[in-house]
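As written, the chains take the letters A, B and C, and residue 1 is the first residue of each chain.
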Amino acid sequence: MKAKLADRIATGAIIAIAGLIMAILAGLIAYLLFRGLSHVSWHFLTSPPQSFKKGGGIGPQLFNSLYLLVLTMMITIPLGIGAGIYMSEYAKANRVTDFIRLVVEVLSSFPSIVIGLFGLLVFVNLFQMKYSLAAGALALTVFNLPLMVRITEQALRGVPREQKEAGLALGLSKWKTIWSVMLPMAFPAIMTGTILASGRVFGEAAALLFTAGMTTPKLDFTNWNPTDPQSPLNPFRPAETLAVHIWKINSEGRAPDAPEIAAGASAVLIIIVLLFNLGARTLGRAIYRKFTATK
Amino acid sequence: MNTPVKEDRTAGDRLTRYPKHIREDWFGRVYVYLCVALMVVTIFSIVWFIASKGLNPFVSGAIGIPDLLLGHVWKPEGEPPLFGALPFLAGSASVSFIAAAIAAPFGFCAAVFMTQIAPKLGRTVLQPAIELLAGIPSVVYGFVGLSVIVPFLRDNFPGQGFGILAGAIVLSIMILPTVTSIATDALSTLPAGLREGSFALGATRWQTIYRLILPTTLPSLLTGIVLGISRAFGEALAVQMVIGNAPHVPRSLLESAATLTSIITLEMGNTVGGSLHNNVLWSLALILLLMTFLFVFIVRMLERRAKR
Amino acid sequence: MGEKAFFTKDLSVYYGEKQAIKKISMDFPSREVIALIGPSGCGKSTFLRSLNRMNDVIPGARVEGQIWIDGRDINDPATDVVLLRQKIGMVWQKPNPFHKSIYENIAFGPRYHGIRDKKKLDEIVESSLRKTALWDEVKDRLHRSALALSGGQQQRLCIARSVAVQPSILLMDEPASALDPVSTAKVEELIAELKREYCIVIVTHNMYQAARVSDKTAFFLMGDLVEYDTTQKIFTNPSHRSTDDYISGRFG
């Protein structure tokens, strides 16, 4: 009887903890939205921040985050897919491969602040990029690359062997088989993983403090010439992202409405990250359904 | 027989000397090898650059390694300047271990729930929820910690609310997904017969879990915990926002403290490059780097044991 | 018996330490169907896969010996395996059309091999589909996904895909074992039709199928070629005891 009682208590406790985790998540999101959304308006989303006055917005920061994400992905995707193809299709079972696996593992374990510091040393100082979007994008690439490699490798391993063999048996070269037969089949999984990775990149701040910087110059959103220092598109200007902005106003915000701005910005950040998550999930499910329903 | 690619095509045009498929395979090989080489170069340059900066204070003889690791006074502007990093080492270690101590039972219970009690509910509700927790940016955790957990601690306990405990609570939620997903993987790869066999002997579910499942999956569970600690150890901004940033060895969990990451975050931007103060911050970064290698090493050891 | 399409000499395949195929020498005449039979694990599929060096894909697999096609040994390191594979089509147990349209599935190979002319490609698609008796079934939906076809249709599409690059040899690895009886019958008819142009090597676990479609039959056991003769002889008067045991069903 004692064992039965213990079983019941333990089961109850486990269910309670599962419930508690759900409650924490729900509470977290509800709190952020409840506190933040009342402050979110069109004005808030589009106007620049104020240092000492009320009524500042997050317009440039929002733009910086999105633009930096695009720049980062433009570098990360080709590199990550290339290295992922290597891991899945070219790597032989030997010491070199073991070593490269270790490299990927270590690279993905580095704290993002360390990657930011590396960016400061190499991209900002050595390559003389200064605090800039380009330096930030390179740092985020280092941060994101191992994940991208893993996503690609797993997606390619998910392609049935017969598909690869069918390509080879037709007399296609190995590369053509990978590129035109296997990658299209792995595409849904790569896409889903990339969107999830984008969410991670979008919210990253520690790697950016000392690479993309903590300031944004006055931007002229009518100027689309990427070489002009006032243009939002100039990759060599400093850019404070939304996540960095949240950190900065929390630690040194002087505006009287700093807590509200932090709440509003957090709400916006979390909504965008949720959208990335949801997007990846629905896309994955839709593609899965398309492939299974037609079979 | 079609021979679309003539092997005896006369040389002259250098590009067509080799058949298309051979050029393609060359291109492919060069491309993927370059990508991998770039990754390897990156990791070596990370180690090289941070180590050369971080070793500078010791090589130049400005301070000794024991001074840094064991000194418990951090007064970079003092006369003479003192660079004792013990407060930060203690801070980093205690927030990470406490965070792991909170997250481990939660993660294990969540994994048991998802694999043994309600797999369907687990897969459709709890799993996505935990994945979402993993997706929330660290500054958002920091913000919530600052505006919910710190005031709560301040109102209910002595002190200002900032400190190790606040940091550990925030971190425990942040590393919960890591711990949970590894525990779930370990539990779901258990041989099916194991559980049924135990039930058949008349054991209750709980007896099965803690006498059979917990011991067999322990190495994997530990792997998850170490990965969690590793993540917590390197986390910067969320911790920096709630820990209070006072550079001394804390005597209680509710007292303001600092970590390796928080001090780097705060002071790196405010020091002049090349100064001793700045260089010592790089030494702290080097410690973070070495800790990463240590964690990867431990994880590999544990994985090797789990495979057996 | 006509001319030789190709032959193997002392062909061995190893998976790691284990020898899966033991020094097999066989001649394959053109325009005939050769069935490879034997209990599962006897090496018949491994043997088939080594004929177009498909075992290269499998880590740890090692091939020794020679396979001569068109006066070249395909296991010679100097042989261009990509060019070689254009001459040898392959069909798998499970239909594996590309996740592309029906048209693309067939046009993909020829286009890669240098045929850019749209009209020419259309012709190849049509003739390949006609050869595999699919044309009338799919001509109105050439640009829809190949995955929408039935299993039997998919398998014939895969045969059409191989035929489109004009091979001289077709390798088939249990091509009908995943299909229903009606589709199986269609594939068998197709084999009888295609052997006018190709040397077809078919692996099958179905002895009736071997008896129905093949001209010659080879019986494999534990990596050895036990007996290789005309199908007639193998099924009526085999020389070996184990062959007799196998075809009369007295085998594990």
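The rule is simple: a contact is a pair of C-beta atoms (placed from the backbone, for glycine too) under 8 Å apart; a residue touches a chain by one contact, two chains touch by 3 or more.
These numbers come from a predicted model, not from an experiment.
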Which of A-B and A-C has more C-beta contact pairs = A-B
Per-chain Cα centroid nearest the overall protein Cα centroid belongs to chain A
Furthest chain, CA centroid comparison against chain C | B
Chain centre separation (chain B, chain C; CA means) in Å | 51
Measuring from the mean C-alpha position of chain A to the mean C-alpha position of chain C, what distance in angstrom results?
-> 47
CA centre of chain A versus CA centre of chain B: separation in Å?
-> 16
Residues of chain A that touch two or more other chains: which are they?
-> 171-173, 176
Which parts of chain C, given as residue numbers and ranges, touch two or more other chains?
-> 82-83, 86-87, 113, 165
Hey, what residues on chain B touch two or more of the other chains?
-> 21-22
Using the touch rule from the top, collect the residues of chain C that touch chain A in their complex.
-> 52, 54, 57, 59-60, 82-90, 92, 94, 96, 98-100, 108-109, 112-113, 145, 147-148, 158, 161-162, 165
Where on chain B does chain A make contact in their complex?
-> 20-22, 24-25, 27-29, 31-36, 38-40, 42-43, 45-46, 49-50, 53, 105-106, 109-110, 112-114, 117-118, 122, 125-126, 128-133, 135-140, 142-144, 146-148, 173, 176, 203-207, 209-210, 230, 233-237, 240-241, 261, 264-265, 268-269, 273, 282, 285, 288-289, 292-293, 295-296
Contacts from chain A onto chain C in the complex sit at residues 92-93, 160-173, 176, 180-181, 184-185, 291, 294-295
Chain A residues within the chain B interface of the complex = 3-4, 6-7, 10-11, 13-15, 17-18, 20-22, 24-25, 28, 31-32, 35, 78-80, 82-83, 85-86, 89-90, 100, 102-107, 109-115, 117-118, 120-122, 125, 142, 145-146, 149, 171-176, 178-179, 196, 199-200, 202-206, 209-210, 214, 243-244, 246-247, 250-251, 259, 262-263, 266, 269-270, 273-274, 276-277, 281
